[in-house]
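Below are two complexes that have chain A in common, paired first with chain B and then with chain C.
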Partner chain A sequence: MAEVREVTDATFDSDVVKNDLPTLVDFWAPWCGPCRMVAPVVQELSEDYAGKVNFVKMNTDENPQVPTKFGIRSIPTLMIFRGGELKGTIVGFRPKSDLKKRIDEALV
Partner chain B sequence: MDEPNPESVRKMWNYAEKFAEKSGTHLHPDRFITEGVVLGLASNIDHFGRPICPCNFYPVKDENGNWPEGLYLPREEEAKRRTWICACDEMQIYKYCHCLLFVTEEGLPITEHLPDGHEGREIYGLVKDPTPDKGRALGRVIERQQHQA
Partner chain C sequence: MKTLDIAIIGGGGAGLTAAIYASRGMRKTAVFERLGAGGQIATTDVVENFPGFPEGINGFDLAQLLQRQAEKFGAKVIQESVTSLSPAEHGGFVLETEAGAYTARAVVVTAGADYNHLGVPGEAEFVGKGVSYCATCDGAFFKDQDVIVVGGGDAALDEAEFLTRYVKSVRIVHRRHELRASAINQQRAFSNPKIRFDWDTVVERIEGSSSVERVLLRNLVTGETREQPVGGVFVFIGQAPNNGLLNGLVALDAGGHAIVDLEMKTSVPGLFVAGDLRTKAARQLISACGDGATAAIAAEHYLAAHPANTSAK
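The block that comes next holds the complex of A and B.
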């Protein structure tokens, strides 16, 4: 079982924007309660969508540039990118079924 | 990531427990969630002097001391205001804690008092306040002022 990979301000462009696969980014922070609830769900989804969707996470405490660029306020925030474009934003903890629905919508 | 000072952690646990009781809420039943938030608040006390909410993204100042508009303020600026100091304005007005520190017994944030269109309603739906006679100190002041106007 592969861990969801961390991306940084420096690698966001190559890991997310230029990625051939649709990519879900989990913007999180170490001391954020709901982030701790979202993380295992994102991990499960990364296994469910293996080979179809790329899943990564970004520590907003250590990487302020990308969250600033995308206007993030609350965390956790999940963003789905496809072909370099932002296709969906999900703020706060959601159950897995909700997240699946939002990912599937972004894949159409 | 530095571990917060044990004294700050003790102070925040004490505050959280007391505020939950006072506001008629519960700390999140999953201790892992609550502990994360308490450590985050304690860490912000250590670094910025105030328990700033750890569940927001705060931008950083550039080399000229400026910061982007349209987002929350850098932590050192938020520490000078009270909006996101725990218990934050949203908790004091609407009894809503998006960080899930102060919640119902089942672990859900109270959304009953939120205004229409607030993201909390979209995320969690309507979560009734089980103790409407408690908490919302600032919300009650605002309501009284509106009533008198």
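The block that comes next holds the complex of A and C.
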């Protein structure tokens, strides 16, 4: 069972934009309660979609550039990238079934 | 179909406390939670008024402790959302979730309440782009900006106070001329130099291009409207009970809260409602937990008086 990997402003391009797999980024911060609630769900999803979708997380406290670039003003925010393009944005903690639906939509 | 003795719908303070009591009573207990354990407390920065924590405790951490305590005695927390609840043919109840169906001999509904929306133009459009319902989650994105908080209760004042750690100024926009918040919160807000009040005022519209840039405010006394430049709008205007599962099943009051007796019994035998979803005066974590304990004890008495009908399994 792989841990959801941490990406940074410096590695975002290589880990997310240039990734061959569709990639879901979980934008979070340690002080955000709902972020801590969504983390285990993202972990489960990373197992459900193993080999099909790459799952990473970014600490918005330590990495200001990428969140600013994408205009993130609320966390948790999940963003799904495919072929370097933003395919879906989910603001706030949603039930797992909703998240699955949104990921599946972004994969089509 | 999976069978339970006691099904608890909602994993906030009321539900997790009910689960502690029900599982300690050796009843096969499950808590259904659509998101994560804790409900409203999980997003609270510091819980200062829960007995036993004189220094206060982070809401998420407290939620984790409650869940651990319930699981220690055998309760299961199931992350599924219950889509329907109905009385079963031979007694007990049938619960359907998006993932399956369960039967339970008794049910405690602790589905709580969700925050209200303003319902003004621009609100839905700018969620995540300047409109927020959680200052502890989003406050840090508004460093050195001017923001408004809408509301006049404890939640509004708590969150305004929290926001002053980051923002340049907070205007509290409140439709009345006095606050509902507790005296200590009022005192803190009035003495905070970063907090100002717009009394008798409502938000009419939220505007901006890619994110919130201004709001249109209207004074209810003078009728005057004015534009206020702001980077963020934080909304804390009370809650609406999550009564969807109860509609048509039990009696609700005018506000949509379930009417129960002192033991949290509804008009349907074996069905209990506890916490923010029921008619009550205090909507506090401690009273929700108290309700949960009361409901679980009443459910336990109900099960003892109505032994399992093995043929119904």
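The working rule: the second predicted complex is superposed on the first by the 108 of 108 C-alpha atoms of A that agree within 3 Å, B and C clash if a C-alpha of one lies under 4 Å from a C-alpha of the other, contacts with A are read in each partner's own complex, and residues count from 1 in each chain.
As a convention for this text, a contact is a pair of C-beta atoms (placed from the backbone, for glycine too) under 8 Å apart; a residue touches a chain by one contact, two chains touch by 3 or more.
Bear in mind that the values here come from a model prediction, so they are computed numbers and not experimental data.
> Overlaying on chain A: chain B and chain C, fit or clash?
Superposition check on chain A flags a clash between chain B and chain C.
> In the superposed arrangement, does A:Val41 touch chain B (first), chain C (second), both or neither?
In the superposition, A:Val41 contacts chain C only.
> Given the touch rule stated above, what does A:Asn54 touch, chain B (first), chain C (second), both, or neither?
Neither partner.
> Once the structures are superposed on A, label A:Gly71 by its partner contacts, choosing first (chain B), second (chain C), both or neither.
In the superposition, A:Gly71 touches chain B and chain C alike.
> Classify the contacts of A:Phe27 with the two partner chains as first (chain B alone), second (chain C alone), both, or neither.
In the superposition, A:Phe27 touches chain B alone.
> Have a look at where A:Asn63 lands relative to chain B and chain C in the superposition and call it first, second, both or neither.
neither
> Quick check on the superposed pair: does A:Ser97 touch chain B, chain C, both, or neither? Answer first, second, both or neither.
Second partner only.
> Indicate the residue numbers of chain A shared between its chain B interface and its chain C interface, in ascending order.
Chain A residues touching both partners: 29, 31-37, 60-61, 67, 71-75, 77, 91-94.
> Mind listing the chain A positions that touch chain B in their complex?
Within the complex, chain A touches chain B at residues 27, 29-37, 60-61, 64, 67-68, 71-75, 77, 91-94.
> Please output the residues of chain C touching chain A within their complex, sorted ascending.
Interface residues on chain C, with respect to chain A: 34-38, 42-45, 58-60, 79, 81, 98-99, 127-130, 132, 134, 136-138, 140-142, 210-211, 232.
> Give every residue of chain A touching chain C within the complex, in rising order.
My answer: residues 29, 31-38, 40-41, 60-61, 67, 71-77, 89, 91-97.
> So in the complex, the part of chain B that touches chain A is made up of which residues?
Touch residues, chain B against chain A: 1, 28, 30, 32-34, 36-37, 39-41, 43, 54-57, 59-60, 68, 70-72, 98-101, 119-120, 123-124.
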